[in-house]
């Protein structure tokens, strides 16, 4: 017990500090302080001030709503004079993080289930029934082959298929784009973001935006950087592309909203930054499978009860709203990790200078004498102890 | 070669340890041990136990399916007695991470392409044809102006437009909400999560939930916290809002599913936590552009082949399912980083006490004598070596 | 001032290095070097080479488009001989990160608003009007009860409801699946990824893929691992399930695209890895609420203006495209953090060997003599200073 107490007392009331050799040398001293200063500058300047190493980081959780506005008129031989409003060109009517605006289309009206010739291409052109395999349906077929070879028009014969007839002929995409006037349509993006770790949330319609301003503003990077209403043509233009070109075969535009917030500052400094990027083409030299399109149908029932449909191959621009960003707020743990690592790094200064002093300088043996105390193994060293 | 061997032997069979001054002083010793204890308590208590600094972290990858259930009846002069079931009020029928339930609407039946007067507002009211610019279409226009000024009703004249006629009149939103009974509808949310780094997956329909329980349970934070069926009214109420109010102009509700899992424990401890948050309003004082609505149309074909449509401006609540969370599992690297930083931080105790012992205490010169060994530059120091 | 200068000079031109005891002992030396080597091997081998601890990491931001292709024929008594193409079985026509393919269905044609008997089950079977509560609508009801008990067929009477009549009878799911031929349909996935921190973007249609290859290839893990066209049956099979079984009640398949890129290497090494996982079932023993289905309707208008609809309860497979992954690139901060922690960890070797040398070995008192210099508190120690 007494032994225990004395050991405990020895432990508690003891303070151990390493013994130091202080070498007064201009050269070595300056080098040492320089290296220590560099390390300190790196830790304080880069890690803490620039990269904010004292902050804990969280990723954004986001919710989007979109709404397009705009009307246009077209006049073609097939459809005649026709108005197109939001319910006509936004398909589907609502999506979570994106909005599709149809800009071009191939429309096949009044399709009914039946038998008709396929559209001519390498695999469907035929001369006799033997060229067509009954029951086959290729990846690009409009229907299932019946096995008969029938005339497609006055000059060509193709395999007959069981399909929605007449089959769609998508060999020629209308140029210029059918609804190229969509360039002037507008898109309102409402975005609510939340950083769960810090329970901080904000909308992209900032507190200082009034209803009057919102009714008339249009986003401009210089004059109205926080107006959430975007003119479609400008979105495409800002990404370095031409709306008229893009509208022919369609494409995907990304509207990127970056929310990088420093939550150690006031909430009013946490603002959205908009940028635009085309998402569907990577490389002009390797432009395989360009554009964006999908097929949908409107179904009708005639008085006899027979179902018929209008098939629309819709080309258009899908606007994906991509919200990303990180918020940082002071937290003791990353601070301590970086402080700890910084302290350990200061040890590098000592290692470096030690190498120079003890192995490179003229007086290295002299310095080694001062730093080291050699101790031989007990049995061997009892007679030849070199205590310097 | 022999020189090489001896250098290698010297390197391998040598052990260097710093020489230490052990100062037996109650004051300094206690202070030293206290600082070391605080640092240890921080590292072990906060970093390892509370913040789980020994764990590697991964973000959740999630997949959601939703299904609404419920029927209601409405009786209005415009539509008469009408049943509304899931296929009528969930638009579109399926989405990936959200579900829209229509609660209110402005319906314009039997629209056909034609010419008709615009709805009166500041920009459309006119007295003569000169007030209307042919070919113009404002952001909020229903169609393209023809240039004529025609009577809207007995008292007002507005610019005529080429549009789907009659144009929609959305000046008055029905109050109370048309489908306010949607409050009693239910929403089943099936969520499958996966942590790729740990290859751990789980469903929110927990292993102990039976088919019988699932057929009849309703989520309640206290009594049934793991039932994945939510009553719509309760979702809105839990977020602190009134369903009846929200149903008029619509809105966005977030159903947040948090999966924070400690994978060092049994998988059965990894459970979903549900919370609800309204996502579309931030600030009651700055309530610009409230609610949520979109337009869609149902297209019909009459016996003559003319297309007509019913335009519906649907107000409703979109339920966004937001899944987030992190899983942690023991990993040697973050453990070692934190151990390493902790060790380096213990050095702070020495630095602190050194400052006090060597610069503040009465006996500082005495202690400095014990700790430091001053070595002058070789040439200068040969005669005045102070070896203490 | 002079005092200031001398203090500054003393600070700048001084270099302090700890005094070291070099113990020449085979046992301790080898142990010391072994522990140091293990720590170095861990830091360099595991932290830097394996886990790439010198890299800063960023998560992927992704954009997806999908397109299904394929046609099939069905022949049933209810619907007759019918072709199904993309516009018929992909519902809705386009979504952002997923694609639903209908594989089975329960179709109720020609529903009109009216009164009719409910489908018989535990809650709806009745004998007299007293068994039915007028105005009630259970969670699984097709409509609102009128309070009357009417014959459902020759043997059973059920409560009458105001609903879309005739009500849907979903008691028997067609088996085998109606559109089981969907197994041969194909799905093209176009994916564009972006790492914001490094401003690096890439498509999954790699630069070396030609239009000819894309027109005919099908994904195979061994022979065509980068072809972005997947055969639906193969997707399900790769996840270890049977398409024919899954097609009956539907389900959710995850197509996982992993983009783990080391951006210190050439961009051509950054490639997508495809894997497949079924997302809707967790546990065969607890198979509650299996499959995936939703209801949608096609609305028609007959010559009298009455609206009628076809209700479809669509069972099918929803393919969720899940893109995840991290990119790493060399960055000085994580490197320095790991270097710093590694350096601090080397201190563990010293602590470990110290314990052995000073407390466990035979010659421990001898070594302690060499390492420590005991200094008593000044007043106490002036006479009994033990300076060894």
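Of note:
Order of writing sets the labels: A, B and C. Residues in every chain begin at 1.
To be clear about the criterion, contacts are C-beta pairs under 8 Å (C-beta built on N, C-alpha and C of every residue); 3 or more make two chains touch, one makes a residue touch a chain.
Remember, it's a predicted structure, so these values are computed and weren't measured experimentally.
Chain contacts here are complete: no pair of chains fails to touch. On superposing C-alpha atoms, the copy chain A sits rotated by 120° relative to chain C, to the nearest 5. Distance between chain B and chain C, defined via averaged C-alpha coordinates, is recorded as 17 Å.
Residue positions 16, 18-26, 59, 92, 95-96, 300, 303, 337, 340-341, 343-344, 370, 372-373 of chain A each touch two or more of the other chains. Taken together, the chain B residues at the contact with chain A in this complex read 16, 18-26, 28-33, 42, 46-47, 51, 53, 59, 91-92, 95-98, 100, 113, 137, 139-144, 162-164, 252, 254, 258, 277, 279-280, 282-283, 285-286, 288-289, 292, 294-297, 299-301, 303, 309, 311, 318, 320, 322, 324, 337-338, 340-345, 347-348, 350, 353-354, 357, 370-378, 381.
Within the complex formed with chain C, the residues of chain B that make contact are 10-26, 59, 61, 63, 65, 67, 69-73, 81-83, 85-88, 92-96, 186, 188, 190, 192, 194, 196, 201-203, 205, 207-211, 214, 298, 300, 302-303, 308, 332-333, 336-337, 339-341, 343-344, 362-363, 366-367, 370, 372-373.
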